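I have placed the structure first, in the form of structure tokens, so that the comments after it can refer back to it.
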Amino acid sequence: MEADQPSRERIAAAVRQYEVEQFYYDEAALLDAHRYEEWLALFTDDARYFMPIRRTRMQRELDREFTQPGEMAYFDDDKTLLGGRVAKLQTGRSWAEDPPSRTRHLITNVRVLGDDGSELQVESNFHVYRTRLRSEEDSWIGSRRDVLRRVEGSFRIADRKIFIEQTVLLSRNLSNFF
Amino acid sequence: MEADQPSRERIAAAVRQYEVEQFYYDEAALLDAHRYEEWLALFTDDARYFMPIRRTRMQRELDREFTQPGEMAYFDDDKTLLGGRVAKLQTGRSWAEDPPSRTRHLITNVRVLGDDGSELQVESNFHVYRTRLRSEEDSWIGSRRDVLRRVEGSFRIADRKIFIEQTVLLSRNLSNFF
Amino acid sequence: MEADQPSRERIAAAVRQYEVEQFYYDEAALLDAHRYEEWLALFTDDARYFMPIRRTRMQRELDREFTQPGEMAYFDDDKTLLGGRVAKLQTGRSWAEDPPSRTRHLITNVRVLGDDGSELQVESNFHVYRTRLRSEEDSWIGSRRDVLRRVEGSFRIADRKIFIEQTVLLSRNLSNFF
Amino acid sequence: MSVPPIDDLVSLERGEVDRRIYSDPAIFEREMEQIFGRAWLFLCHESQIPAAGDFFAAVMGRDNVLVVRQKDGGVRAMLNTCAHRGNAVCRADEGNAKGFLCTYHGWSYGIDGRLLGVPGHKSFYAGEVDKNRLGLTPVAQLASYKGFVFATHDPKAPPLEEYLGATGRLGLDLIAARGDMVVVPGIQKFVVDCNWKIAVDNLFDWYHPQVSHASAFRSGALGPPPERAGGYDEIDMAGVNMESGAGIDLSVGLISASKFDQVVVIGEYGHGIGGPTVSSSGSIEVDSSWRATAQAREALGPVGVGVAGHPSIFPTTWVTTVPVQLSLRIPRDPTHTEIWWFTFVDRRSPPEVQRFMVTMANRVFGPAGLLEQDDGENWSQATAQSHGIASRRVKHLVNMGVGRGRIVKEHGLARIEGLTSEHGQRWTYHAWAQWMKGTSWDALRAATTPGDLL
Amino acid sequence: MSVPPIDDLVSLERGEVDRRIYSDPAIFEREMEQIFGRAWLFLCHESQIPAAGDFFAAVMGRDNVLVVRQKDGGVRAMLNTCAHRGNAVCRADEGNAKGFLCTYHGWSYGIDGRLLGVPGHKSFYAGEVDKNRLGLTPVAQLASYKGFVFATHDPKAPPLEEYLGATGRLGLDLIAARGDMVVVPGIQKFVVDCNWKIAVDNLFDWYHPQVSHASAFRSGALGPPPERAGGYDEIDMAGVNMESGAGIDLSVGLISASKFDQVVVIGEYGHGIGGPTVSSSGSIEVDSSWRATAQAREALGPVGVGVAGHPSIFPTTWVTTVPVQLSLRIPRDPTHTEIWWFTFVDRRSPPEVQRFMVTMANRVFGPAGLLEQDDGENWSQATAQSHGIASRRVKHLVNMGVGRGRIVKEHGLARIEGLTSEHGQRWTYHAWAQWMKGTSWDALRAATTPGDLL
Amino acid sequence: MSVPPIDDLVSLERGEVDRRIYSDPAIFEREMEQIFGRAWLFLCHESQIPAAGDFFAAVMGRDNVLVVRQKDGGVRAMLNTCAHRGNAVCRADEGNAKGFLCTYHGWSYGIDGRLLGVPGHKSFYAGEVDKNRLGLTPVAQLASYKGFVFATHDPKAPPLEEYLGATGRLGLDLIAARGDMVVVPGIQKFVVDCNWKIAVDNLFDWYHPQVSHASAFRSGALGPPPERAGGYDEIDMAGVNMESGAGIDLSVGLISASKFDQVVVIGEYGHGIGGPTVSSSGSIEVDSSWRATAQAREALGPVGVGVAGHPSIFPTTWVTTVPVQLSLRIPRDPTHTEIWWFTFVDRRSPPEVQRFMVTMANRVFGPAGLLEQDDGENWSQATAQSHGIASRRVKHLVNMGVGRGRIVKEHGLARIEGLTSEHGQRWTYHAWAQWMKGTSWDALRAATTPGDLL
């Protein structure tokens, strides 16, 4: 990176980074505020939401660390199912979320890995912290690989893959979103 | 967000974001270095510093989750009291902070929600990690809503509201700042 | 920070910040993907990699909190030794890392403290999360002070000092990088 | 801490359980010895380890066990601990190995557990290491029933088939008889902060879904309510209101709103099956045609073929037929339990059917499952309320239908017909108490042989 | 683990306590039975739950209790555990409810705890659920003294007023008599890694503020030092130096530097009050005019009206009159204690006065309180040093003024006049030992009735 | 929980240890009393606290101890707990102090532990505090051997030199005799989730490096393999394969590939030394010239001068001569152990040599050490496999060379010559069992006096 005046390209890249990060921060704010329907609207109709199962493997076999689509997973949703989850939270009978969990999504290390003008490949890291009731605590840490589609001057999530670090999940459920 | 060259407005927004984030990172560095007087100087004279008490409530009553100014709180300070806290830390008799706590403020998800030219509404998430003595650990996670005022080409904190996720604080005290 | 149009200098600073952050995020991604040789290539040949020992001290003696080069440390490596560590991980006999640890480097609070055109002084905070086997967890939190050298339109790490918050390390080893 | 008299802890007659069994550390230690140290425990399914050297890391109580496919096609299981100084010889969850190396001093074992290599055997040990004696310790007994691999630490335990008895075998047949069943890659694993028995107690709890899972049913995410065969009959919900004062409207389909015929099968050693009958459960199973096959009718028998409920193999194995899954509740400590989910498909069924089965499994159970995500908090809170000096004096009730369960014995099975009940839970706790007494296998069998009434 | 002979643990004569009581798990279990299973414990103040259905989640030992305002204006408290399988029926800290629904199987309770709804009562239970017997378990006894709600698990416990006695009642009157007192929204809750008795021991510790809180006093953040009535007398600090070698200059006002008249009141069952007198404490109380009212003088009596110290209601309730707060120390385990703060204002006082009281409370106590933020580490370290085999042999001393406390009995109160002392702590530990013996209430009362000397 | 009969836990004859000793809480409590409550334990080196008021915070079992340099040049150690209510009087790891102030009530102590100041001694205590009796509790005995400071809680323990005996003294002399040895600033501290004995067991384990540390040796990061004196002889690795099926090629130098002469020295109370001889270990030590000095030859004696292995001072002190370091294994609980590393240089050696010694220490041991980073997981897993009901029945083996160790007694040392063995570990466990019996010091000494064979 040169010390002198940045080129138009570098400025454009920096601005795009800013806009992608803001998109993620806004998304996180919607989740932490339990504004699930607005969150759902950030996904394209053809979106996939996938969190594979991770397994402790020897180095030799690390290529088989994660399960693949079609195998078992923690989340393997299309938008309809994602909508079902949101609907569930709004039935007034979603007991495990009433009182609601208190979550905080800390989003870091956002990287735009590709951009063909219409779609971006973006990776980010997360620390999702949850407390419930008097003093229950969960921390889920991992990374996401998204496809962001440019739609009406903003972004939509066309694909999200969530890679969590734990193999045995150290929490009682996954009643929140990532 | 268009893929082509960013407009002046978008560039200005990205630069403002950069400057706000740097302000927060510099602030965090002052706290983690125990440079409390310089930190105090970042607040306007009319600043409020407020951390309400949070209560586990049913979804129906979530509007009453946090206490309001005038009710009980963990912090409800004006600058004078904040200054008193700093003075306390510098009496050489603030035993709970000697040996000093080791803190690390991880600031993420900075969002400028409003800007009228003179004041900005800014939200951010934090993970404040503390270790003390041989192996005590605390992690406080939550969000802040600030009013930043433009003063002499930089910012001053005119108002800070700290929303912590825990209802029962899992730490022995709050002898540090957020 | 003025509300009106940002000057060339401020734009340049924002772009530099973006490029430094991207460098760190890319570095973190290499580590979390176990791509150690590529990571090693990010260091200059004259690089030092140093993690001092931290001690709980009274406020009066805080200047002696960290050990100095020449004293004992957790890491005090030149590039050759760093290369040795990478080589060790690739012998296929590095048992404590096979199955490999799952790490996630959350990098925050990046601050460029100096830039003489050829070298930058940069500070950053980190939360390195590690899980191993079925349900082991480690979290290392602290800060780094780097010297980044401009090389062929990118950066190289010419010096890294890692300041970890814990005095008694609450983990079984430090078989990963920071 | 000592264990209270066992007979004070469970009353079969009143259907009452003492809550101390959910948090007392001394009782937990006794469970590790008397139950997890003796019972046949499910390890994995043979389809998970098809090739020689394929292994799966299983848990028996607090023992870590490696299940390994052998060169001769057989399966062996051994403690994952080195004969030298106890280090684990394998630290992966699953994979394929040509052998196991202890990374401490290099003792090296075959996939059969035999000690093959000892560094410096000649030079340091003067060749005196008894390699035949010092392999990886095999489990006391291992057996496979139609691909389901079980093991026990007790050499005196009866053979697996006898241990399972007609009830346990039927439980497994309800999976096996569907076709050429294989486990889908990916075992879900998570930890719930509850006592393991609270989670087991839930196995054939057909009383809770209507309420616990009301949000899932209403969300529509499980698809349209299943059609039901025969007349439809609302559950009486008089006086049942939410904390807001409003009632819970359950009228969104079968499980969530109606009562229907159920059958509970109970067996020796504490096994059981509980839930709807095929005829009453209508289209819950989506497609029951597999039951009509000769293979199925023969394997399940006249009673079994009509069973659509949840089999439980004592102590911690749960079978569900919709979706086709097997779940383990693995005790970690008195108040933490690991839940594992194994999912099955019929290798011979069309790809889209297999995909459908996987999709259904993904959305129903597991930590993010639309149903199961609401279970944990109930179990956790039930466990939490067993600590208080006053709260633990309140009995844990499993008395629904107590003394009204007439036991019919036919085709080697003991069954009770009726509506939703707690017969199954009661039977499980009764068996638990007998196990905890540490009596002989014969005495245990006798004490857990169904009578005429429950 | 067994409990050592109780009389070896506390010596009233020498003012010495065995440190094992701060970390021994067996002693903690005994405390849960003998103290928290029998004593009247503070739950909340009636002003927190003004309207029918208002509830507050309280803790009694390890039992979770719901305190609920009834339709008839009364207050009830019941165990927060379902009569069916023990799930909590309410998981919020506070709020308003029309009833309580157990989210496991839907058993539904009224705000009075009565079991109202049982899904399938007719169809599944054949209407045999004894709804009258199976409500939420009420506490054994509940009573309210001037708005302060207490409960006990022991049906044989004496009535609250008798339990409190003159001393305990005075402690509460020191709040109640100020006017129409209500709790300000927001109960501060935090966890200190100390044994609960170390925190209780601190209740009427007027020896520590001068040093523990030196930084707060010097910071000026508590405002100018209070004026004091009468002559001013420095504490002798000969030889007291900081680790830097410098002395601690305490000359910044009343509490931090001077000795003054104090009075300690002790009562049956272990209650006590300790601290300055109104006359000696000068303007600490800011405004003592309320004491002059007829209401106050009548309620407090000739002795009480002059008391400005800290009342303690055995075992874990602390009252402070400046600011007007009530604090609980809730044991979580031997080395962790939850601290709760309730803050009171006089509803009839002007808004600015109420605001002032709230502001003062916010800055003085609680985890971020200028005073309290320095307490936790002392308590935590004192607890930590009770583990070591040699350290735990060192006695915990509460012998200041031992044997010099002449007890004056007037107006139903037993008091000791003098300067700062550890009479109050000594009395508390003495009572603790009597409680731990598990004797009858009469014997307990007799053993905790003040004599002539302390 | 009670402790099993000690003699069932360790078999010296068979070299077998019962794994319960690695996780049983009752055994751990007994260890705190019988071993850590009685043995001489290493606190620090005098060079760490050169000036008056210099202090170092050490740990003895679960007791926190302050080691302080006195004005008269002497060293004292006292429990870090206030005589009043037990608060720690110093919370730093190290530093310099003019005295110690308890921050709770201000009791103030000299660096000698004497109670100097008591706030309000006259006014509140009527001058009755017995300052001479109420200082910081000194350790029962403290002594320094050539700068190595040890202490014991047992007043009846034999003097340090006698406790160390020839074996223990030799262990320390192997550092002291190198020159004017000082500790380099920076004590590495970290926690391994293993039982402390598993870590101690590893002290003189010369059987594991070749395999455990194969990656470090192959990485080249430790520099070229040391040259060796005399003939080179590969270890036989027949049948030793990695889990991939490939063998472990060890041919990268001395420790990692060859067998060589070793000598094991064993002594009273359980001390021992094990590892290569100077002649066999070739250039491992880099520079052995120091051994040729008169000082060294006199201090080490004819046997000691040839010892290049690892001394162990019972129970938890490990000395390594390459690099020159001393390590402690501090038990936290049955399954967690704190590891501390002290590093030494000869103050008289040239700066570049001192730098080299520090560099070597930094890269070899400690949590990031190229060798040690691979140790923890083996210890952790060995501990983890001691919980299971079946796994804990498998013996922990330390039988290499059992019954073949002919003990030669010369120059006051008992030694066994041969190749790599487990004599040292066996001796340690044997001594552990004798300590745990709680017999008299004479009986203990007798029971841990080497015989003719091991």
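Annotations for the structure displayed:
Per-chain numbering from 1; labels A, B, C, D, E and F assigned in written order.
Just so we're on the same page, contacts are C-beta pairs under 8 Å (C-beta built on N, C-alpha and C of every residue); 3 or more make two chains touch, one makes a residue touch a chain.
The structure displayed is predicted, hence computed values, not measured ones.
The minimum number of touch steps separating subunit B from subunit F is 1.
By the document's definition of touch, common neighbours of subunit B and subunit D comprise A, C, E, F. Simply put, of C-D and C-F, more C-beta pairs touch at C-F. Subunit A and subunit E have Cα centroids lying 46 Å from one another. Centroids built from CA atoms put subunit C at 25 Å from subunit A.
Residue positions 11, 14, 18, 56-58, 60, 92, 95, 99, 106, 108, 127, 133-135, 167-168, 170 of subunit C each touch two or more of the other chains. Of all residues in subunit F, those touching 2 or more other chains are 1, 91-93, 97, 103, 191, 212, 242-244, 248, 374, 377-378, listed in ascending order. Within the complex, the subunit A residues that touch subunit C are 1-3, 5-6, 10-11, 13-14, 17-18, 54, 56-59, 62, 106, 108-111, 123, 125, 127, 141-143, 165-168, 170.
Residues 91-93, 103, 191 of subunit E are the ones touching subunit A in the complex. The touching residues of subunit F, counted against subunit C in their complex, run 91-97, 184-193, 212, 214-216, 218-222, 242, 244, 246, 248, 338, 341, 343, 355, 358-359, 361-363, 366-368, 370, 372-378, 380.
Residues 8, 11-12, 14-16, 18-20, 22-26, 28-29, 32, 34, 92, 97-100, 102-108, 115, 117-118, 127, 129, 131-135, 137, 150, 153-155 of subunit B are the ones touching subunit C in the complex. Within the complex formed with subunit D, the subunit C residues making contact are 95, 99, 133-135.
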